[in-house]
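Here the chain labels run A, B, C, D, E and F in written order, and each chain numbers its own residues starting at 1.
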Amino acid sequence: MMMTEPKAKQAKRGGAPVCYISRVESFSACHRLHSIHLSDEENKRIFGKCNNPNGHGHNYKVEVTLRGSVDPKTGMVINLVDLKQYMKKAIMDTMDHKHLDLDVPYFKHVVSFPSNHPRP
Amino acid sequence: MMMTEPKAKQAKRGGAPVCYISRVESFSACHRLHSIHLSDEENKRIFGKCNNPNGHGHNYKVEVTLRGSVDPKTGMVINLVDLKQYMKKAIMDTMDHKHLDLDVPYFKHVVSFPSNHPRP
Amino acid sequence: MMMTEPKAKQAKRGGAPVCYISRVESFSACHRLHSIHLSDEENKRIFGKCNNPNGHGHNYKVEVTLRGSVDPKTGMVINLVDLKQYMKKAIMDTMDHKHLDLDVPYFKHVVSFPSNHPRP
Amino acid sequence: MMMTEPKAKQAKRGGAPVCYISRVESFSACHRLHSIHLSDEENKRIFGKCNNPNGHGHNYKVEVTLRGSVDPKTGMVINLVDLKQYMKKAIMDTMDHKHLDLDVPYFKHVVSFPSNHPRP
Amino acid sequence: MMMTEPKAKQAKRGGAPVCYISRVESFSACHRLHSIHLSDEENKRIFGKCNNPNGHGHNYKVEVTLRGSVDPKTGMVINLVDLKQYMKKAIMDTMDHKHLDLDVPYFKHVVSFPSNHPRP
Amino acid sequence: MMMTEPKAKQAKRGGAPVCYISRVESFSACHRLHSIHLSDEENKRIFGKCNNPNGHGHNYKVEVTLRGSVDPKTGMVINLVDLKQYMKKAIMDTMDHKHLDLDVPYFKHVVSFPSNHPRP
């Protein structure tokens, strides 16, 4: 998905037209909401069924949004083939068909709640 | 849906990481577009088939978006169970399977057009 | 949407290839589930919130499916422009932005539950 | 979703009109594709990334379809409130936010592939 | 998507349980509706804007459905990795990012209307 | 889709409540990614299968978003019937069922990549 800058906004700002481009990737993973900073009772009360000891899973959707100037030769902000490759390396190879808490080092001491996922 | 703040933006701003979280709820209701500030002819001309005297209906989608700091213990901005409860009380109990103009006091003198719905 | 017949099935049956073609139309309407063959108490117990006296509404989706031989000259079972026109006349003009129970004669004595809608 | 019988088909068959009604439910679960009838090497070769030892997960959609006569008083084949209750008991309480292989006895010796799920 | 056979139906039929499995693939292509068996005027009248001389395009969705017995060892009717490979060869390599009428020999003398696409 | 301004934000800003309203339109078109500023080899390397000489196509979605004050009489920012008409003229009549590069003068010397589409 792309969001283009209105002409009036570009004129005010000056420079080349700017565009936002988004790309969505989907992956399948499992996890368990469980914080090492809380007791078992607190974990159960706060996370409820998401605290099930054997875990549960989802199909996740990740939308990456980039902001950049439009290349006058190609008309592109970024080549989607390149963006797909970056997302494959950063997202798919790390988390697809994995157990987030057990297979992804980042979540070893971090609750694998979406607002807690690694940020760029 | 959650939107996380890039690290660079957090560093610039200082403080804990901030996250936007959205939750969608759906309800079924009926209504009629008809303004008490307009004549019957004006109502018919402006609202067209949406002015049908016996009304019509929709499945509505409401997306509520919250902005907040990520709790370091739970990794959450808000517990989704709580958010669901607030939305049930504010949205579902009031408008689901109702006639907006006849069953919801707020719309007694207000056209039940989406841009006119109660704001938080 | 179209569903084509496998070659083996056509060979067994003989004749020209057969194809199923579906077209979806959406409309917005309101209604109330209330049967004239039941008491008010029974209506309330059976239909619950769908029995709300002032009604409620939905966006409806209707999918019409046709079965026919593929015309060897045009490759079509039916011209989609014609099918759209038939559906406009039979579905949209009758029920879109209407109150099914009050505006559509068919539902005067018939509960406007989907399984009760007029059949071709 | 409902699929109604054309009048001509009903006339040919005789009796009350028949209707198919479908209801979709979603749940979140994790699992691992691994057969006790195969060696570890065969499991890895056949199931690939779905054989990840720590499992992975999905949001599952289950669509239940019923066939029945339309009740002349209510216009319904089955009360959707009842169908929801049956699906809650048979599907949601058993599999939602669970590990299919570890939490659901049925899958103890059965590969948790969709075509292998319990049948009615 | 998978559709499993009810136990009662299997018992009546005898043999191993049978399952339908569907897989969807998407591709992007362009085409022009134009029949060599019709005059230019007839083509324009029948196909309307789809007869635009320079063509137009779509994102196509193809759903392939297989019927087969469930393998007692793997629980699968077919390995989805294999099905993906067959669909890549038969559908994606032939039609994705192509002009159906100019790049696909099958459509040289056949109107590229969906009901006219090659059948298995 | 509409996005309403929270009351606190309106109070801070002063004046009438402001609302964002979005409307989506879909069209079918074909195109070829090919830049007149690049050699044939560069075009092939950068645009890959999107550089196919005979073109390819898509179903496009365009979302137009407006910002405006809510009219106290009608409750609307803009009449959706008018917005539909503007989008028909600006988008549908120009690009639906067309070849973007050959039928739309704007793209004669401009790569028809979404970030390069005409801006308001």
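We adopt the following convention: contacts are C-beta pairs under 8 Å (C-beta built on N, C-alpha and C of every residue); 3 or more make two chains touch, one makes a residue touch a chain.
Chain labels with UniProt names: A, B, C, D, E, F = 6-pyruvoyltetrahydropterin synthase.
Computed from a predicted model, the values in this text were never measured in an experiment.
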Partner chains shared by chain A and chain C (touch criterion as defined above): B, D
Taking each chain's C-alpha mean as its centre, the one farthest from chain D: F
Interface residue identity across copies chain B, chain F - same or different by half: different
Chain centre separation in whole Å, for chain F relative to chain D (CA means): 40
Averaged-CA centre spacing for the pair chain E and chain A, given as whole angstrom: 33
Centre distance in Å when chain C and chain E are each reduced to the mean of their C-alpha atoms: 25
Set of chain E residues in contact with two or more other chains: none
Overall pattern in which the protein chains touch one another (line/ring/star/complete/other): other
Interchain pairs in contact, sorted by label: A-B, A-D, A-F, B-C, B-F, C-D, C-E, D-E, E-F
Contacting residues of chain F [partner chain E, same complex]: 28-31, 49-50, 52, 54-59, 96-99, 102-103
Residue ranges of chain F in contact with chain B within the complex: 2, 4-7, 10, 17, 19, 21, 70, 72-77, 79, 81
Touching residues (chain side chain E, partner chain C) in the complex: 35, 37-38, 46-48, 110-117, 119-120
